[in-house]
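This structure is in structure tokens; I'll ask about it shortly.
For reference, chains read A, B and C in written order, and residue numbers begin at 1 within each chain.
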Amino acid sequence: MNPLSQLIEAALFSAARPLTLEELNDLDPDVSLAEVRAAVDQLREHYDFDGHGVEVVELGGGFQILTRPALASALERARVAQRSSRLTAAMLETLAVIAYRQPVGRAEIEDIRGVSGAGVLRTLQERGLIEVVGRSEGMGRPLLYGTTPLFLELLGIADLGNLPRADEFAIALQPPTPTVSPDSDAAAYVEADA
Amino acid sequence: MTAPEAPSLGLGSGNAFVVELEQFTGPLDLLLHLLREEQIEISDIPIARIADQFLRVIHELGLNQAADYLEMASRLVRLKAQMLLPRPGDEEGWEDPRAELVRRLLEYQHIKEIALWMDRMADRRSLRMPRGYLPPPPELPPPPLTLDLLEVLGAVERVIAGILHPVMHSVVARPLNVEAATGRIQALLAERDEISWAEALGPAPSITDVLSTLLALLEMARRGQLVVRQPAPFTPLVIRREPALAAD
Amino acid sequence: MNPLSQLIEAALFSAARPLTLEELNDLDPDVSLAEVRAAVDQLREHYDFDGHGVEVVELGGGFQILTRPALASALERARVAQRSSRLTAAMLETLAVIAYRQPVGRAEIEDIRGVSGAGVLRTLQERGLIEVVGRSEGMGRPLLYGTTPLFLELLGIADLGNLPRADEFAIALQPPTPTVSPDSDAAAYVEADA
């Protein structure tokens, strides 16, 4: 692949949107638009000729690299395979904290559960059980999560107020505040003195 | 790290720049900087000189309000005093009071090196761009998800079991009772000229009892009703009635 | 390119994160993990041999397609893609402690850095670079932190085993009690005392 095609491939790969020939020309102002056009064609032919899983597609006046439609069903199968029917213990615990403490941010969930994972939140979100419901005003404005209607539907309850022991658990599920037992401390003090 | 090199501090300039405040990530960072500027080995710090410089710099940079810097400043001042104490005769038994600071500085310097390496790695990594366009996930048939209320409640219980103090208890402020402590001390001193710290505390004292007793003692000492003394360093306090009973 | 490599290429293109071999295996359950591994290698070699603008990189516990480093400046100049911003010195120091001491509690991190405050930890947590991995058995059962796969992605390394050993840096992490030369010190002492 020639250097211009290489650059165009990297650009089409990393861009979040289709790129026009003019935009692609910005990559190397020393070449002509015709040369850019030829390099795009060369990239397309290379993908086709070597049987790549992706192809160059012209759409909306620009170019984009997309996966071949023929592979869509296999990609979908993989996505389905990655979902199992039961939630793991970690997922259930995270879901429980979100259900009773919503809206709640990731750091607070981790503080309460004592273990964590971005993966767990992502999976719960992908499975449609939780969703982003806003942002906290706190440092870094973290995302806040809440449960979805699907969650209520699966549990067979009408609304969040019908969660068993809603108030009690909302209070019990708080980030721990380490406290020092006053008595043991005073005892240590006296001992040291005696 | 991100900043290429901390600039020379210009100790005499007398200007407190907020910009410079961000040059240091903490008191250890500042201390390392001072040592580097003076080309001093960490293992042999001239404490008196460095302590003075540290105090001057945090004052000039307006860091003398920051707790972490103040704590380091007081540590350095204490070390400076300890270095001036006469050393016991045998060199063998002498423990360098700087040892702990030296250990911390070496450890911190090591962390800084690792951080620098990570910065370079992340910088190199950021030259590689990931895929920018993410196709929206196709509409998949609803997954065969099973979930029931019992599972969720079981999870709640597991989480609560892992929390240290799961039930929210109302925190009742226990006020210090200096009056009661004063009364107890006065009663003891009515019988004897001298009592011990443990006696003044009373049986099974709580932390608030300890504080109440301490405040009562200080107040009574201020009024000249008693004298608190420590016969030798690290020995228990002795509380003595003033004036003594005999002279009463 | 063989059908499996083609499928893997399409999957890696449509994910903006590293995919594990197991995830890639879901594309075709009839092949073995070793075959998946071989197909990934084939794809990588193809990219290298044909001089593509992208390459297959092993990082963060999986594989990802990324643009080649040499093309970064052209992509940035043409405003096609942006390099991610650098972490602050405080964040890097905290990450350094956590990476080498994990699982590690906040008190130990603060002690080593000589700085207190939950702000940096919270920010790193929100950015998904660290996570809570458990609780210490000690007083107050403080939370323990560890690094995430995203941290490995950030540095571009495959797993924690690829971090340099601590003693490969100039200074050992836990030096033996510093030995102070008695002579030089005694001399200094006499001077100070005089």
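Just so it is clear, a contact is a pair of C-beta atoms (placed from the backbone, for glycine too) under 8 Å apart; a residue touches a chain by one contact, two chains touch by 3 or more.
As the structure is a computational prediction, the values presented were derived from the model and not from experiment.
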Chain occupying the most central position, where position means C-alpha average: C
B-C against A-B, pair bridged by the larger set of C-beta contacts: B-C
Rounded Å distance between chain A and chain C, as computed from the means of their C-alpha atoms: 18
For chain B paired with chain C, centre-to-centre distance based on mean C-alpha positions, whole Å: 30
CA centroid of chain A to CA centroid of chain B, Å: 38
Set of chain C residues in contact with two or more other chains: 13-14, 65, 67-68, 75, 80-81, 135, 140-141
Residues of chain B touching at least two other chains: 129-132, 135, 162, 164
Chain A-facing residues of chain B, complex: 129-133, 135, 137-138, 140-149, 151-156, 158-160, 162-168, 197-198, 201, 204-210, 236-237
Parts of chain A lying in touch with chain C, wherever the complex brings them together: 1, 5-11, 13-16, 19, 23-24, 26-28, 46, 50-54, 65, 67-68, 71, 74-75, 77-78, 81-82, 105-107, 110-111, 113-118, 139-140, 142, 176, 178-180
Of all residues in chain C, those that touch chain B in their complex: 13-17, 55, 57, 59, 64-69, 72, 75, 80-81, 83-84, 86-90, 92-93, 95-97, 99-100, 112-116, 135, 140-141, 153-157, 164, 166, 169-175, 177-182, 184-186, 188-189, 192-193
Residues of chain B that touch chain C when the two form their complex: 1-3, 25-29, 43-44, 46, 48, 67-68, 72, 83-84, 86-87, 91, 96, 98-99, 102-104, 106-119, 121-132, 134-135, 162, 164
